[in-house]
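To keep things clear, I will list the structure first and then write my remarks on it.
In order of appearance the chains are A, B, C, D and E, and numbering begins at 1 in each one.
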Amino acid sequence: MERTIVIDPVTRIEGHGRVSIFLDENGDVCDARLHVTQFRGFEKLCEGRPYYEMPSLTQRICGICPIIHSIASAKACDQILGVRVPDPAVKLRRLINCAQIIQSHAVSFFHLSLPDLILGMDYDRTKRNLFGVVERYPSIARDGIRLRSIGQETIKALAGKRIHPAWVVPGGVNEPLDSEDIDQVMSPLPEAMTIVRRTLDWFKNSLEEHREEIRFFANFPSMFMGLVNDLGNLEFIDGKLRLIDYKGDIVADSVQPERYADYIGESVKPWSYLKAPYYKPLGPEEGMYRVGPAARLNIVDGCGTPLADQEWAEFRSLGRGPALSSFYNHYARLIEILYAVETMEMLLNDPDIRSPHVRAVAQPNYEEGIGVVEAPRGTLVHHYKVDEHGLVTWANLIVATGNNELAMNRGIMQTAKRFLNGKDISEGMLNRVEAVIRAFDPCLSCSTHQVGETITSIRLLGPDGEVLSEAGPS
Amino acid sequence: MNHTRVATVWLDGCSGCHMSLLDLDERVLDLADRIELVYSPLVDSKEFPEDVSITLVEGAVSTSDDAEKIRLIRERTTLLVSLGDCAVTANIPAMRNRFSVEAVLERAYVHNAAIGGQVPGIEVPRLLKRSRPVHEFVDVDRFLPGCPPPPEAIFNLMSELLDGRPTGSSIITRFGA
Amino acid sequence: MTDRDYFKGKPRTDVNPVRILTFKIDGRDVTAREDETILTVARQNGIFIPTLCHLDGLSERGACRLCMVEVKGSDKLFPACVTLPRQDMEVMTDSPRLNEYRKKILELLFSERNHVCSVCVSNGHCELQDLAVTLGMSHVRYEYLYPRHTIDASHDRFSVDHNRCVLCLRCIRVCDEVEGAHTWDVMGRGILCKVITDLNQPWGTSETCTGCGKCVHVCPTGALSEKGKSVSEMSKRRQFLPYLEMMRRESRK
Amino acid sequence: MTLTFEDLQGIARIEEDRQEGFRHRIHVCVAAGCLSCQSGLIKDTLEKEVSRRGWENWCNVKGVGCLGLCAAGPLISIQPDGTYYQGVQVSDVSDVLDSLGGEPLSRLDCSGQLPFFQRQKKIVLENCGLIDPERIEEYIGRAGYEALYNAVRLMTPGEVIDEVSAGGLRGRGGAGFPTGLKWTTVFKAVNGTKFVVCNADEGDPGAFMDRSVLESDPHRVIEGMAIAGYAVGAAHGFVYVRAEYPLAVKRLRTAIAHAERFGVLGNNIFNTKFSFKVEVRLGAGAFVCGEETALIASIEGRLGRPRPRPPYPAEFGLWGYPTLINNVETLANIPSIIRRGGSWYSGIGSESSKGTKVFALAGRVNNTGLIEVPMGTTLRDIVFDIGGGIPGDARFKAVQTGGPSGGCIPEQYLDLPIDYESLAEIGSIMGSGGMIVMDEGSCMVDVAKFFMEFCMSESCGKCVPCRVGTTQIYNLLCRISSGTAEPNDPARLEDLCDVVKRTSLCGLGQTAPNPVMSTLRYFGEEYRQHIEDKTCPAGVCQVGGVGEV
Amino acid sequence: MEAKVHRASESLDDARRRFVDRTMRRHGYEAHALIETLHSVQEHFGFLDTDSLRYVAKSLHVPLSRVYAVATFYHYFSLQPPGEHTCVVCKGTACYIGGASDILKGIEESLGIGPGNTTEDGLVSIVTARCLGACGLAPAVVFDGEVRGKMTPAAVLDTIQRWADHDADV
């Protein structure tokens, strides 16, 4: 008898999702779907708005990684203006992005996923959250809160506001730094360094305990995509696209971001508001690729900062070729935080950072602009067309999480097959399905097609929608 | 110690208001001492419980699901707080109200799709004609504007509510703050 | 007198000798010239009355109704910006009733167009936004109307976003009264009113606009802004107005 | 040419002789109402037939102004017998002529409507239906311009104003401000140049008193203006009339031309120093221009947006000069008051409201049309006696007076003697005289919605509460009538009405909520039925539609 | 919405312009003649075309924007060329109570256009009036300037149909 299991909502992710797992007559998992059930219409609602409003408007796509949206947007606008952004401004954008990597990865790791990792997948669900971690492991929890706070405070020091600041603008940033700002940003970095190294050590030591998850949390061959700089190193805001296959061989390299549309197509599934991008030459069936922290570490030739490079080398030695399990995203996140802290130190010591020349001013000179960046969760594309007066006439946004849509569905399926037998469902089993989603850290609010939640428990449904059994909380 | 039952929900918003709540940093832990977070995107509860003392709502009401959900929440909540501009004014989500629902959906799923262009129609909730603020659907007890409201404002408000001063007037942050 | 003489004349300007009178605002004794408005006198005495369509240096319209005050002995409300004091009048500028009316008017204004403060060029420098804070307006009790309005960005240096217009018509007045161009006016009526340039044509094609930018700087919201200014960057400079007004007064003497 | 009193009387005598020379005079109503039922064609046919029969010398056919009973149009009356025929068709013409001097044609007779004609007291309308509005001689033949003569030759301006004050006349435009007082203010204003403006921008939907007076007896208005001009010291008058009334405009222009030719307008009227000219200015479809300051702006060629008062137009009006603004009916009362005396006038009407009032009776009532009754007449008399009751014996529900600024009066007040004060007390206003009768087939929510739609689209847009508030009220009413309202919507309505009423700049906004407030007050149950039961008892509203939240 | 620019087909020095000139001259080319002049333009051109608006503004020394403001404030003025035939449905109170909305509904169902619009073939314009003052004959409709009382949806459609038939014959 066919049945459907619904997990609604998926919790402790940045956004809301609903999962349907389809069981066949034998109670075996035959299909799984992630539904993204909310839609915000950014691609339409920015129509008619002026280009210079776009960085602030589009950063409202996401309250977790607003900065990178504003940078992607500003880059698209830079092209519309046809200006070369002054070097100091590029460095300042990079600086604030590092702060955002710290806070965003911290939220994902500590606030959302750590409860599973440290308390266990089957822990009492009413306590399987940050506050539960605080009770049992207060120092680790406080580390996470502190790390995130350092990232946010840095953003505030640079841009005036922790969330949705309006500092990154077309042509650069809107105010230079003074010495006081620099001191303020510099001072907590050593503490951040200590925290992230401590956490990395702890996490690496605990990897053994997660063998099961590593094996089944979206562990399958796929392509990986991300930006790299000219040296092939980690790059978040100014690189070129690189795609590799599951063996680690380069499929495409040095792709100018403006040509993204030649490589990425978007498909639509009738059951989800999240569009599913795929590698165009292979089509939507074969063209699955993954983005995000682990994908980035898979494609690069190195990070470009000393400590992160060491950790990267260790990461890449986990197996031959790319790390195929998405569980390693957690690991990669910590390495990227390390990279971000190191990069910030470097940037703050660069004399350019104090330069008052932080903005190129122009009228719109081109009617199209494309900004491609690496958001914490993966490659992010902002693509605008404007009219002769700079009003947006068309916009296309490919968000980080969307890129992983196909892989997430596949991961859910894999996990469900491994952990569900369809006979009796335990809450912990289902939590593993959610945990695989958490590993991707899907920022579903980022999906311009973002998720809402309905209030239901986990249910077994008959083919006619009849509830056969309910499990988990109620 | 008696913990106040608190919930936070997230409708059509960007999560920025929840992040601003986290921006209380260590003070989150102080709050945690006084409250029990019974429902939130940050914890694992699938169903909105009965008898919630305070619910903070982020986001506008944009879909039939949102509307249904906020009505249920209202029934089960003593003090309902609209947190942030989306909940208070419908803010960015309302910018789509200038267009028809069909136009908005088609732009995303038909015009901007390389393949399989179609508007998702199964197992996804129906979009309302307009995104609207929470208080146009249910009575709201307190409003905290801001995009997002600064953590201090959230802290003040929560302290007031927890201290049993539900009608107090903590500082009003400005719209768009 | 010939038939048509009176049509040629400008409005009357003959003014009787000005008297000085005393009255009370919020219980305080104040002195005023009889041709000064209650608003002027209140401001001179440091008493706050909210305003939106009023701007020093421009003619009064009495249209936003935010400056309504109470007068002892009357049940009616009086707009302070156009009401002249009378001897021994007792004016109240602040009461729960007044504040409630002011708040409601402000809410009506917010409900009228699409004011999305968070992404506005004037965020943080907006008189409408400030009024909401001053009057303690935490939300809008009326349904938003969500009209469809557009932006005209055809001018080289400025743009007008009708979504953010409050129809205070300061732009029209400054353009007419100070710049003398009368590029702006308001078309239609009622809820369909809209400010326009020349024959409702793109601003950039206006034959009369001098590009002086005064309209932009008197605009209380982000409706009129300088192009290229990003969110929160548009703060208005109005120093020129009192100066120009003084110059005009001088030249009239 | 300058007329003397003797000239006037001479013209009157000649006119009288002329009229009496006809054994039969057939009056065909050619006001807009009957014209729309082809009374023009009937008049032409009658004239042709008379001429074909060679009766020209003793049978006169003429077009006259409104006979009042528009519902029964086309109307003709046969004088001097006083026979009224209703619903006359071209095919009836021969029979009508054949019957002259004999028994009236019973099939066309409308003597059954006698109460309609007999219960009225006509001052403003005294010439309507009796004279040809396009011939000044006929007006003079009925003592026209005598009052003007009396005023300019025999009275000082002060005496004229005293007479008007003694008559107790109050402004018929709606608010009922004492006319004498207004005149005094303008009279006392020191500035040399002054104006008189006749407000003929009759904008209330459902009111057509001014149109009828201008179409039927334009000289009465012109004479009133001239007297006013003399009294306040103005030499120039404007009639601001709706462009939607082309016939009234045409007859007014003709009348002005005739009056100038006869010297009752122009320089040195009746050989005095008094000169007075009248110009017509066309409105262009803006209800708000009925408001004095908006009207002034419109005459000045500007947007008809009201400005705050004071200063009042009486002190600072057209181009800044003192300006007297009276409406058509007010001015049309003036000649009678001057001719017959203020004390005569004040003997008519009620304690606080003197004289008569013209009403346009319309809606669900048998005798729709124009009536004039003494102030203080009860609604019951008007609706059931003069109006002949409700068609089809339907049940009376309400009377709406005062147009968009007025209110709906329920059955319980049918016996209320109507004057300015009594109407205000029950939440309506006298207004300019529109009176719409409604029966059980009318939905009061729908009626409120109708008026609010009117106010919303007529709001000039200047002040916030009126511009946005009326829209908000209208939207709420739509919600209620479509059955998607919420239980506290009536409270929201009341709140919005209060804001709009208390804080709007001009009269339009301040009174716009009246129809809503009065229906809420007297027909709250109907609102409740729409909101809670999702039904419209009158079956007018499409309730129960699935509304998008 | 941007202004749609409609131009009268005739050239500026059209004979009809002389009527407009006469109106302005009568008022001494003073600014206060604006509304009277616009009436004159509409009377002779059928609507207010952009060229005329400019011409009037220039002749009377009134700012362009003020002319446009006045032309759009007053509902009597139209910036669109009217159809060959015009059908004005009165929406005064008495007509409303008497069923004017049914007439409008009937027209909309039959012609597919609402008030303020002209059929695609340019044959019929549908307009509403606030009150024609023919309340005694409600509901009233004006067909090409001729007022008709006690109308029904069928009677109105009948007249409109006759216009169409007649024009087809010609």
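The rule is simple: a contact is a pair of C-beta atoms (placed from the backbone, for glycine too) under 8 Å apart; a residue touches a chain by one contact, two chains touch by 3 or more.
Note that this is a predicted model, so its numbers are computed, not measured.
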| item | value |
| --- | --- |
| Smallest number of contact steps required from chain C to reach chain D | 1 |
| From chain B, the most remote chain by mean C-alpha position | D |
| Chain closest to the middle, measuring from C-alpha centroids that were averaged per chain | C |
| Result of counting contacting C-beta pairs for D-E and C-E, higher pair | D-E |
| From chain E, the most remote chain by mean C-alpha position | A |
| Mean-CA-position distance for chain E and chain D (Å) | 25 |
| Centre-of-Cα separation between chain E and chain B, whole angstrom | 50 |
| Interchain centroid distance [CA atoms averaged], chain A/chain C, Å | 47 |
| Inter-centroid spacing, chain E versus chain A (mean Cα positions, whole Å) | 60 |
| Residues within chain B bordering two or more other chains | 91-92, 95, 98, 130, 132, 147 |
| Residues of chain E whose C-beta touches two or more other chains | 30, 32, 66, 69, 73 |
| Residues of chain D touching at least two other chains | 286, 303, 458, 460 |
| Residues of chain D defined as touching chain E within the complex | 32-33, 35-37, 69-71, 73, 202-208, 211-212, 243-245, 281-287, 298-304, 360-364, 368-370, 400, 403, 434, 436, 438, 442, 447, 450-451, 454, 458, 460 |
| Residue numbers on chain B that touch chain C, as the complex places them | 82, 85, 88-92, 94-95, 97-98, 130, 132-133, 135-136, 140, 142-145, 147, 169, 172, 174-176 |
| Touching residues (chain side chain A, partner chain C) in the complex | 48-50, 52-53, 55-57, 60, 164, 166, 169-170, 174, 361-363, 389-391 |
| Interface residues, chain C side, partner chain D - complex | 1, 3, 6-7, 9-12, 14, 61-65, 68, 77, 79, 82-84, 101, 104-105, 108-109, 111-112, 142-143, 145, 167, 186, 188-193 |
| Footprint of chain C on chain E - complex, ascending | 1-3, 28, 30, 32, 50, 53-54, 63-69, 72-73 |
